[in-house]
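Written below as structure tokens is the structure these notes are about.
Chain nomenclature is as follows: A, B and C, assigned in order of appearance, with residue numbering initiated at 1 for each chain independently.
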Amino acid sequence: MSTFLDALAWILDPSSWGGSQGIAVRVAQHLAITVAAVLLAAVPAVPLGVLIGHTRRGRGVVVALAGAVRAVPTLGLLTLLALLLGVGVWAPLLALVALAVPSLLAGAYAGVESADPEAVDAARAMGMSERQIVRHVELPLGAGVLVGGFRAATLQVVATATLAAYTSDTGLGRYLFSGLKSRDYTLMLGGAILVALLALVLDRLLAVAQGRATGLARRTAADSRLGA
Amino acid sequence: MGIEFRDVGKTYPGGTVAVAGFSHVVPSHTTVALVGSSGSGKTTLLRMVNRMVDPTSGAVLIDDQDVRELDKVALRRRIGYVPQAGGLLPHRTVVDNVATVPVLGGTPRRAARAAAADLLALVGLDPSLGRRYPAQLSGGQQQRVAVARALAADPNILLMDEPFGAVDPIVRRELQDEMLRLQAELGKTVVIVTHDVDEAFRLADEVVVLRAGGVVAQSGTPKNILAAPADAFVREFVGADRPDRTLSTSEIDGRRVVVDANGRPLGILQ
Amino acid sequence: MTWLQNNAAWVVELAWRHLLLALPAIAASVVLAVALGRVAHRRPRLRQPVLALASVVYAVPALPLLIVVPLVLSIPLRSPLTLVVALTLYGTALLVGTATDAFDSVDGQVRDAATATGHGRSALFWRVDLPLSVPVLISGVRVITVSTVSLVTIGALVGISSLGTLLTDGFQRGITSEVAIGVGVTMALALALDALVVVLGRVLTPWQPRRRSVRAPAPPELVR
């Protein structure tokens, strides 16, 4: 119990937050690498997912591939990349990008597929081009699921970004690894609590975003039923 | 002395009255049909017998014993039940479906399966179908399996809830004939719920016509009801004025031919 | 590949340890998730709290969990039990949603007919609900199987040896092939267990048509 209190005291101590090794800097690094990894992963994953969802082709291949990617231990990918690319920030960033891809892809195709086929059919009958169908019908209707994919990816990445500190001096994971090395439980636990809090806060924020997007989907569905 | 509904009522927590004060006696070894449109409370009444629904007032008695004094599960195991659309367990083979209740009751599986194969033959199914899964049978075959399952524990009472409602008219007719044959052979006490008056008239010794809320509009033998409908509701419900129910005869070469209201010949009067 | 030739016995031993860490965690996750999913399915009032708790637990990163668990349970940091408990928490959190959906997917008419033919509470669970939930459940079990096998490697960071040891040892000594073999064998183990789960699913659901279209369900982390 006292370790928990010590860890909380460490987090609440203003002097822990300042400086180049302080909590503020670490949180910023952790967030930066998380956001960068998710956005970089989204560049190929979301358009590809939308394409698969819209054409309903290639899903089997992608599901199998995503399954294989899930089987890759992130720690392994990270250390492998670090051996190849050196101890900079690129190795963890690339490993995290690979981690984010399956969820983003799944969110995109599941989202687009979740659009009511009748609404899609009606849009086509009204004379919308395939591109317009994706933009005005499928994406708004699948927005909730799509954002769900971002939420799942972000959650995995922010959690795993802790490992980044194993090969490069970045993020909140540093406290855990320093603590492990010096058997400093207070530091380890403090770092653990910070990472968990950061993950929970991000998850809640994205849950709200997902709720909003689902609301958008419901309004779009109502509009398309009214023929608007 | 069979099944007695003694002033039973069912009011749901929201205040909806499904059944208000229904009384009726089903004598042993007879078939009674409860007919009515949806909302008449007929299924609720049926489900009171095996305690799938407990009445909020009154009591259901089997052989003079209030069913509420009996253990629900044990009670259900000694009452055969045939739901609409079979309700077979999709993950069990046909023979295991039929053997379900005896196995639950502790009969060794091997013996229960052997008995189940005999029951399949009794309901007119080739016992070789026993190794299939329900989804591999036609709707009519599934209903026969459901009847076999209901008979497996050799119950005195058989409850049937729209048993042939989900199959096409030709198969329904076949199943009704099968049911009549079985009943002549086995003499169970049968309560059947249906919205199909023709089915009720074909299968039942006594028919109870229900209005909304389980109110008895008329009860009696099919003959009596048809001969003297109690009121306009019953008259309308049983279709007493339907062309195929208003028959007349005309004489051709000294023989009397029965024709319906449209003049279509139905048969010869002996 | 010479590295593998010289260290084959060690790799096999680590793979065995890996399996001994992953299997109990997977089994415990399935049992716990089924129990919780059952509760969430039967009690509408508990559904939201149970699923919300699962999503919170799932949001806690694995490595911090490895540090918090021994402190809460007062067991040594390097104990295999620490890893099994953490992975079980994780697997359960990931599977609860699917388990709830699996019970929801059981046809109400079938359950009603089973009740009316005299299935009591426990017979209804073991003979009807549980077997009929398998087709949906198995998709979730596949996901947690793969993710658990992959996550076991994290234990190497706190000194619990498994195939993850090849990753940390290889990294520290700069032996790329050691890390690559660690990754490869872990993946092979994950995919082999996944295939085993698929076969198990088929054996448990002989009534399901065999050549159905392989329409994989949405990944469970999306269904929360």
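Everything below uses one rule, namely that a contact is a pair of C-beta atoms (placed from the backbone, for glycine too) under 8 Å apart; a residue touches a chain by one contact, two chains touch by 3 or more.
In this text, all values refer to a predicted model and were calculated from it rather than measured experimentally.
Taken as a graph of touching chains, this assembly forms an open line, each chain in contact only with its neighbours along the path. When chain centres are taken as C-alpha averages, the shortest distance to the whole-protein C-alpha average belongs to C. The interface holding more C-beta pairs in contact, when B-C is weighed against A-C, is A-C. A straight line joining the Cα centres of chain A and chain B is 58 Å long. For the pair chain B and chain C, the distance between mean C-alpha positions equals 48 Å.
Distance between chain A and chain C, defined via averaged C-alpha coordinates, is recorded as 21 Å.
Within the complex, the chain B residues that touch chain C are 47, 50, 52, 73-77, 81, 83, 85-92, 100-101, 104-105, 133, 135, 149-150, 159. Interface of chain C with chain B (complex): residues 107, 109-110, 112-120, 123, 127-128, 131-132, 205-207, 209.
Here chain A touches chain C in the complex through residues 3-4, 59-60, 63, 66-68, 70-77, 79-80, 82-84, 102-103, 106-107, 110, 145, 148-149, 152, 155-156, 158-160, 162-163, 166-167, 173, 176-177, 179-180, 185, 188-189, 191-193, 195-196, 199-200, 203, going by the rule given at the top. Interface residues of chain C facing chain A in the complex, by the touch rule stated above, are 55-56, 58-65, 67-68, 71, 142-143, 146-147, 149-151, 153-154, 156-158, 163-164, 167-168, 170-171, 174, 176, 179-180, 182-183, 186-187, 190-191, 194, 214, 216, 218-219, 221-222, 224.
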